[in-house]
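Sending over a structure as structure tokens; questions will come in a sec.
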Amino acid sequence: MVGQILFIIVAAITLLMALGTVVARNLFHAALFLVGVFFGIAVLFIMLEAEFLGAAQIIIYIGAIATLIVFAIMLSKNVMGKEAGAYNRQWYLAMGGVVFFFLLMGWLLIQMPFAQVSAEVPADAISQIGQGFVGHFVVPFEVASVLLLVALVGAIMLARERNS
Amino acid sequence: MLTQQYGLIGVFAVIAFIFPIVTLAFTWLIRPKRPNPLKNSTYECGIETVGDAWVQFRAQYYLFALIFVVFDLEAIFLFPFAVAFNKVGWFALFEAIIFVLMLFVGLIYAWKKNALEWQ
Amino acid sequence: MTVPLTWYLIFATALFSIGFFAVLARRNAIAVLMGVELMLNAVNVNLVAFWRYLTPEDLSGQIFVVFVFAVAAAEAAVGLALMISIYRTRKTINVDEINELRL
Amino acid sequence: MDLRAIGESFIAWLQGLGIPDGWVLFINWLVGSVLILGLALTLALALIWLERKLAGRIQDRLGPNRVGPYGLIQPIADALKLLTKEDITPAEADRITYNLAPIIAVFHVLMLFAVIPFADQVVGANINVGVLYLMAFGALGTMAMLMAGWASRNKYALLGGFRVVAQLLSYEIPIALVMMIPVLLVGSLNLNDIASGQGGLFGLGWFVWIMPAAFLLYFIAALAEGERAPFDLLEAESEIVAGYNIEYSAMKFAWFYLAFFLNTWILSAIATTLFLGGWQGPFVDKIPALGVVYFFAKTFFMFFLFAWVRATFPRLRIDQMMAFCWKVLVPMGLALLLGAAIIVKMGAEMSWPGYMTNVLLLVMNIVVLLVMLSLLGRYTRTLSETKNKRLFAPELPRL
């Protein structure tokens, strides 16, 4: 019961923040709302007993990605965001499509029966994640390092000021 | 067990967030309020402000944030590995070393391309 | 676990829809990118919720989320670098004005 | 006397009053939270006095000595003054973000207190991801600075905010790498486990003895992470006036100031927990309450070191500082981490006695430190012969 109330509060705040991200005309405000969304999702991860992911969510998304976005906003000088129209011309079509998608998915999800398992989370979950990285998931693990390397090289190439 | 620990963090988070707000509200009640246009103007050592403060920044800041993001992810991958370290074998250690060296190559690249210089 | 699994899924769907709307309708490319991040987060919520309710002993769900983190970060890094690069030459990052296949 | 037992008897007393279990738990959390908050605020007052007094003594001054004996009441007088001062919000500022920034700054640093183990099991929340929790809420602090710098709508504030965030981000990487070493040695992210894994006669099990280079690296990176001299570029008055908090006054400024001091103390506490054995010390298993004494003694010793460095060293240039992080500290951290991993694995596979692994770790640390120092020395020597006097100039050091 307490869990349900808590979930509704956290989910409602997170969704409002997400709406704020989409609606805010000022890009910096949108980024701040985005930080709120990330924090809310970290709380949801903790409620789902994925403590490692809760902490990692804050470190990666708020500590790294949100900062990156804010830096990029400052670099592109559109902070005021008072440019004519935040949305493009087909925004009402997009709105209709998205609402339709949500209603369809919601309708499907409510009817879908899931065979829930009422088991406890293993006590050494973090250790098992680590073993997964170097065991069963070793190929994606190494590919992730290549991905990060390529992203680093590519982004440096793109963002560098060449003539200085 | 989990609920017991995170419950405290949750309650404490609420208190730690409300406490500064309450103090700020309290000072708002007792402090003097005599604003004037000069006092409220932007402080730049007495010189009149020129243009908007939200100026465009150089890409330098972005490059540091970029390298940081990549290494932060590396840390997130390596922390569970460090926890599981006693339970995995030599092969796993080599995999982790390859993982780290791959990103070290990225650091060397950034170094060579002068992305680590603050100009 | 007092919260039903469906609640999490509907929450994730709503988040995904909001992010999708930003991708489709916002003009500013950074705002579009924020929408993509929202969608990826919705996927993460789904992955974790399914892991917790259906296979709590098998941590593949959590491991996948970490890989999604890596993809999201790489996407943000390269995407934003692209925007900075485009802004430098075109002085705009509105997606409906960037319609040529060259810088 | 056991602090843990006091808590348990408190819970038993509450249950004896016939309060339902859920509420007992809630009251327990509430009491714990208020205790941590009180501790943090008391510490802040004490630390401000201590730092000013220490800096005064080191620089051959007296420090605060007017209000109360030895100036002890000075911080309270300061707090009262700041409470009643006029608060100026710049007309140009983005109001909501501007007011939210100091709140987030205090929030993030207070949250860090919740997981610090003051003695065995005497900890707000004994969570399994303690080390990551510290990193996570540390990351939230950079957000507060970005908000403050941006919302003030002042060029100095924005520049200061962006600079300090670039600095904090960079130095977070060596800290993360170095934090991984105790995690590797203990096999747990739980701060309580890490501290109790450093037992041993008279503190011989502390990780600082087997990983001195890692401890040194942490100390240097923590100086930057705490925005303290010689890395206090955000306060470089001659360059950017006062950094991101230039437009803040009265109580909002006080919150930034308080967050700054508490952050330093937290960094000391992390150093104590990860490298100096936390609450470990002689006879702590007989008398658990001694743990609190040891913990605070070590943490205040670390804080003293921070204050000492701050009062002694001049400030670095920003290009030197960033280059030092990425070109010296990060490679060194990676080398230490991989070296430690290989040695520990070798020790486990070949079933060496424990002291053998420790000796090898110590040797590895000293070797890494010496190699780094000699490279730096050679590099600066070649620099002084060339025209380019910029330290850490573009090229890789020629070896």
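Labels for the chains are A, B, C and D, by order of writing; each one numbers its residues from 1.
In this section, a contact is a pair of C-beta atoms (placed from the backbone, for glycine too) under 8 Å apart; a residue touches a chain by one contact, two chains touch by 3 or more.
The shown structure was predicted, so the numbers you read here are calculated from the model rather than taken from an experiment.
For the pair chain B and chain C, chains touching both partners: A.
Pairs A-B and A-D differ in how many C-beta pairs touch across them, and the larger number is found at A-B. Each chain's centre was taken as the mean of its CA atoms, and the one lying most distant from chain B is C. Distance from each chain's C-alpha mean to the overall C-alpha mean is smallest for B.
Rounded to whole angstrom units, the spacing between the C-alpha centres of chain C and chain D is 33. With centres set at the average Cα position, the gap from chain A to chain B is 17 Å. Each chain gets a centre from the mean of its Cα atoms; for chain A and chain D, those two points are 28 Å apart. Chain A and chain C have Cα centroids separated by 6 Å. Residues of chain B found to touch two or more other chains are 6, 54-55, 57, 59, 61-62, 65-70, 72-73, 75-77, 79, 82-85, 96, 110, 119. For chain C, the set of residues touching two or more other chains reads 66, 69-70, 73, 76-77, 80-81, 84. Touching of two or more other chains is recorded for residues 127, 132, 135, 150, 158, 162, 169, 172, 187, 189 of chain D.
The touch graph of the protein chains shown belongs to none of the named shapes. By the touch criterion stated above, chain C contacts chain B in their complex at residues 66, 69-70, 73, 76-77, 80-81, 84. Of all residues in chain A, only 46, 49, 51-52, 56, 59-60, 63-65, 67-68, 71-72, 74-77, 79-80, 121, 126-131, 133-135, 138, 141-142, 144-146, 148-149, 151-153, 155-157, 159-161, 164 touch chain B in the complex they form.
Those residues of chain C that touch chain A in the complex are listed here as 1-3, 5-11, 13-15, 17-22, 24-28, 30-31, 33-35, 37-38, 41, 44-45, 48-49, 51-57, 59-60, 62-63, 65-67, 69-74, 76-78, 80-85, 87-88, 93-96. Across the interface of their complex, chain A is touched by residues 2, 6, 54-59, 61-63, 65-70, 72-77, 79-85, 87-88, 91-92, 95-96, 98-99, 102-103, 105-106, 109-110, 113, 115, 119 of chain B. Note for the complex: chain D touches chain A at residues 22, 94, 97, 127-129, 132-133, 135-140, 142-143, 146-147, 150, 158, 162, 165, 169, 172, 187, 189.
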